[in-house]
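Shared between the two complexes below is chain A, which has chain B as its partner in the first and chain C in the second.
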Partner chain A sequence: MEANTLNELKKFALDIRIETLNMISKHGFGHMGGSLSVADAITVLYGNQMKYDPENPKWDGRDYLVLSKGHCGPALYSALAIKGFFPREELLTINKLGTRLPSHVDKNLTPGIDMTAGSLGQGVSCALGIALGLKLQNKPNMVYAIIGDGEAQEGQVWETMLIAPNRGVKNFIVLLDNNKQQLDEFTEHISSLGDIRRKAEDFGWYALTVDGHDLSAIDEAIEKCKAEDKPGFINMETVKGKGWPDKEAILGNHALRGAAFAGVDEAIDNLRKELAAI
Partner chain B sequence: MVKLINEKIKDIELTKAYSEQLIALAKENAMIVDLEADVGNCIFGPEFQKVFPERYLDLGICEQSLSSISAGISATGMIPFCHTFAAFASRRMCDQNYISCAYAKNNVKIVGSGPGISSGENGGTHHANEDIALMRPITDITIIEPADSVAMRWAVKKAAATFGVFYIRAERYGQERLYEDDSGFEIGKANVLREGNDVTIIAEGNLMIKASLDAADILTAKGVSACVIDIFTIKPIDEEMIIQYAKETGAIVTVENHSITGGLGSAVAEVLCESFCGVPMKRIGIPNRFGEVAQPEELQKVMHMTPEDIAEAAMSGIAGKK
Partner chain C sequence: MKYEMFDAKKIIGEVTLQEADANPNIVVVSTDSAPRTGMAGFIAKYPDRYYELGIMEQSAIGVSSGFATAGKVPVFCAPAPFVTARPFEMFKIDIGYMQQNVKAIGRNCGFNYSDLGPTHYGLEDIALVRLIPGVTVLAPIDASQLRGAMRTMLRHGGPVYLRIGTAPIHKIFDEEAFVIGEGKVVREGKDVAIVTTGEIAVNVFEAAETLAAQGINAMVVTMPTISPLDEAIIRKAAEATGRIVVVEEHYEVGGLGTAVCETCAKIAPVPVKRLGVPHVYLSAGPYDDLVKYCKLDSAGIVETVKAFIAQENS
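Coming up: the complex of A and B.
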């Protein structure tokens, strides 16, 4: 990746994190941990990979993203606002009555959201449906789905893992935000995914593991998947809460409320300084 | 406009009418796609697959994905019909039907075959006795229970042509034809099959409408004039007709191939209570018990859903008039 492109992506990623922390802390509730761990994947998708038109979110030439871990909407909303799908000021309406930015992503409310998600396991299955529908119509659009490691405990995820390769789907890439934590506990203390890359490979996917906070590595992994003749699976090793050092990889960072946002202003200031320095 | 048939003709199985109509539609419309979870052969045989191998997606035994994948396919502009046994289409797919299909406002047609006692020998695990109860509270869903092959063909065409989530109950039986080939129907409009003055029997589905018509004959022999209505769409339900006939005949009996809890009987009771009709009402259907292996006709007896049971309920309703 060219240095210039990488710099732009780094700025975009910081911007997403700043907006995410700002919107949920100002509101006083929001899914912080997973939004920050997935921010870099969303950066690469909207910063360098996906085709889209903010003026025409339903453009039929667009690539699709289904955020199957639908509670991490804040990171995606931030990216969409930064890219011009709707005004940035609207981010502050999150989770308020009548908002277009609900806690879990909703395709009927938010410009740029391709599929409603929130009941875990369903989004990735819907994404496979989109890929199959496009395939049936001989359309080349790419379909991306982002799942969580906790979400991968849902049986429906494994139905999708089995079906996609058997259906010969090629325009489909699943990115796993493997942040090692779920709401209650560390994932391995509840039900470990084990060697998830190998599992995906055994199911018939082209599967890779990358550092989910290395923008170049994510971008390169997507390119490799696109070149393959089978669906792609990218296990992104991530840190829940990445970008707010006090909250990284600690239990209880899944969703924050009220006083739990203490120190967020300093965290946002630090991200802003980092952004200004690029 | 509804046209009742005047002669006695043996009908074909409703699942057969469904599959024939879907294949015919798929020939006209390249956006129609059929999704199955390994029970397609029970209703299609090899037919759909043979004509449209690309548009017949047998996903394997994965009902949750059947629903969500259908939702995703519809988001690309295609019109998916997803079929499985009614027990799985409702109980197993409930959250997916709710979130992926209805809440997300996708364009999915869910078809549940063999509802209620029509699954007979498959036994209690396969009897969908509460599929309507599970589907009915879901916002924006349309629930159709075609009572003969003509109504089924109309339902399939209407569902394909109308954006939104439809649930079509498809009995594996076909007894007598009720409607002329060119009969019209309307979503939310019930159809009067037989006029009567003393009591109104509101029924759904091929199996129980036949039983209701037979019950009306029993009542006629006793000098009682019973009206028989095919409710046709359970959601939206024809409130106007329910209230009109409650007022005109003064007693209601509901007859359904479904649990008496949460289905047609409950839906009609809601209408009657909220309209302050105050007429006596009896519900015939599957009581609070699980299904078991038997022929549907045997189960009808076990569950007290025979024409005699319906006639007795009607007499009880009439006796309850003030």
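Coming up: the complex of A and C.
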């Protein structure tokens, strides 16, 4: 990846994290941990990979992202606002009465959101349906789905894992935000996914593991998947809460409320300084 | 009265194929049962538009929703409990909430799968799907109406659930355009109104003749659309007769009977008797025996209507 592109992506990622922390802390509640762990994948998708038109969100040449771990809407809303799908000020309306930005992504409400998600495991099936529908029309559009490691405990995820290679879908890439934590506990202590990359490979996917906070590595992994004749599975090793050092990888950072946001202003300031220094 | 009998699955398959000829966006989604739903012709002619996913109804609903986003018109048909009860949340969110243009068919509804027993009965599918706002619920009365309902459903923009048995289905009416949301008075009467849906209606028609011979003139109203409900025709039946019996092959709780009660409570308060499957776990058994057990045969309907009138008059 060229240095300039990487710099732009780094700025975009910081911007997403700043907006995400700002919107959920000002609202006083939000899914902080996962929104921050998935921010770099969203950065690469909207910063360098996906085709889209903020002026025309339903443009039929667009690529699709289904955020199957729908509770991480704040990170995606931040990216969409930064890219011009709607005004940045609107981010502060999250979860207000009548908002277009509910905490979980909603097709009916938000420009740029193609699938409603929130009940885990469902979005990835819907994403596969889009990919199959586009493939049937010989369209080149890509379909991406982001799932969580906790979400991968849902049986429905494994239905999709089984179908996609069997149907010969190759315009479909699933990214696993493997932040190793779920609501109650570390995933490994609840029901470990084991060697998830290998499991995906055994199911017939082109599967790789990358550092989910290395923008170049994510981008390169997507390129590799696109070159393959199979659906792609990218196991992104991530840190829940990445970008707010005090909250990184600690239990209880899934969703924060009220007093748990103490110190968020300093965290945002530090991210702004980092952004200004690039 | 003797009616010509048709294979419901064959009708589903034939109409799907006809409509697919005209609409290249129609695709068929299967969970290991499409050929048994009359889709063999479609599969042979349009193999690339046929998606056999394997036994995974949750994903079948999700994948169908995704197809709709990609501009396709997916038709997913499987036994009623596996289309509604098992993937209920997917139905609610992926089809209902998102208002996706998905056509779901629950076959072998009611206790049609009498040889397979309670796991395969669809006795709560109307209740479940009519709970989901914005999903049309259809239950055609006869072979002609099934044909018309299939055609209308596939041309309609929006989510539809169609329930049907797969025993041979009577041809009672002449073919006519099927209009979603319209009930029909098929027999005038002043003593009681019998409101019914689905193929069990044929027993209601016979019961109405028997009642007439005994001096009870029953109005018969067919409701091939359960949601949205034709409230005007319920009001008309209530006002014309003062009492309503609802007959359906579904639990007495939650189905058309409940919908009629809700309507009567709102706009036409009259006594309502619900005659359906008792709210218990029904045994396996020969279909005709189950019909009799539930008093859904014509004799049971006559008995129930007469007892209801007597109770009202006492």
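Criterion: the second predicted complex is superposed on the first by the 278 of 278 C-alpha atoms of A that agree within 3 Å, B and C clash if a C-alpha of one lies under 4 Å from a C-alpha of the other, contacts with A are read in each partner's own complex, and residues count from 1 in each chain.
As a working rule, a residue touches a chain if its C-beta (ideal position, glycine included) is under 8 Å from a C-beta of that chain, and two chains touch if they have at least 3 such contacts.
In this text the structure is predicted, and so the values were computed from the model without any measurement.
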So, on chain A, is it clash or fit between chain B and chain C? clash
Check whether A:S119 is in contact with chain B, with chain C, with both or with neither, and answer first, second, both or neither. both
I'd like to know which partner A:D219 touches here: chain B for first, chain C for second, both or neither. neither
Just chain B (first), just chain C (second), both, or neither: which does A:L136 touch? both
Touched partner set for A:A127, first chain B, second chain C, both or neither: both
Which of chain B and chain C A:D63 touches, first, second, both or neither: neither
Between chain B and chain C, whom does A:Q156 touch in the aligned arrangement: first, second, both, or neither? both
Contact-wise, after the overlay, does A:D40 reach chain B, chain C, both or neither (first, second, both, neither)? neither
Chain B and chain C footprints on chain A meet at residues 107-108, 114-116, 118-119, 121-122, 125-134, 136-137, 155-156, 159-160, 162-163, 166-167
Interface residues, chain A side, partner chain C - complex: 64, 107-108, 114-116, 118-119, 121-134, 136-137, 155-156, 159-160, 162-163, 166-167
Which chain C residues qualify as touching chain A in the complex? 27, 48-49, 51, 53-54, 56, 58-59, 61-72, 74, 89-90, 93-94, 97-99
In their complex, what parts of chain A are in touch with chain B? 66, 106-108, 114-116, 118-119, 121-122, 125-134, 136-137, 139, 155-156, 159-160, 162-163, 166-167
Enumerate the contact residues on chain B facing chain A in the complex. 33, 54-55, 57, 59-60, 62, 64-65, 68-78, 80, 95-96, 98-100, 103-105
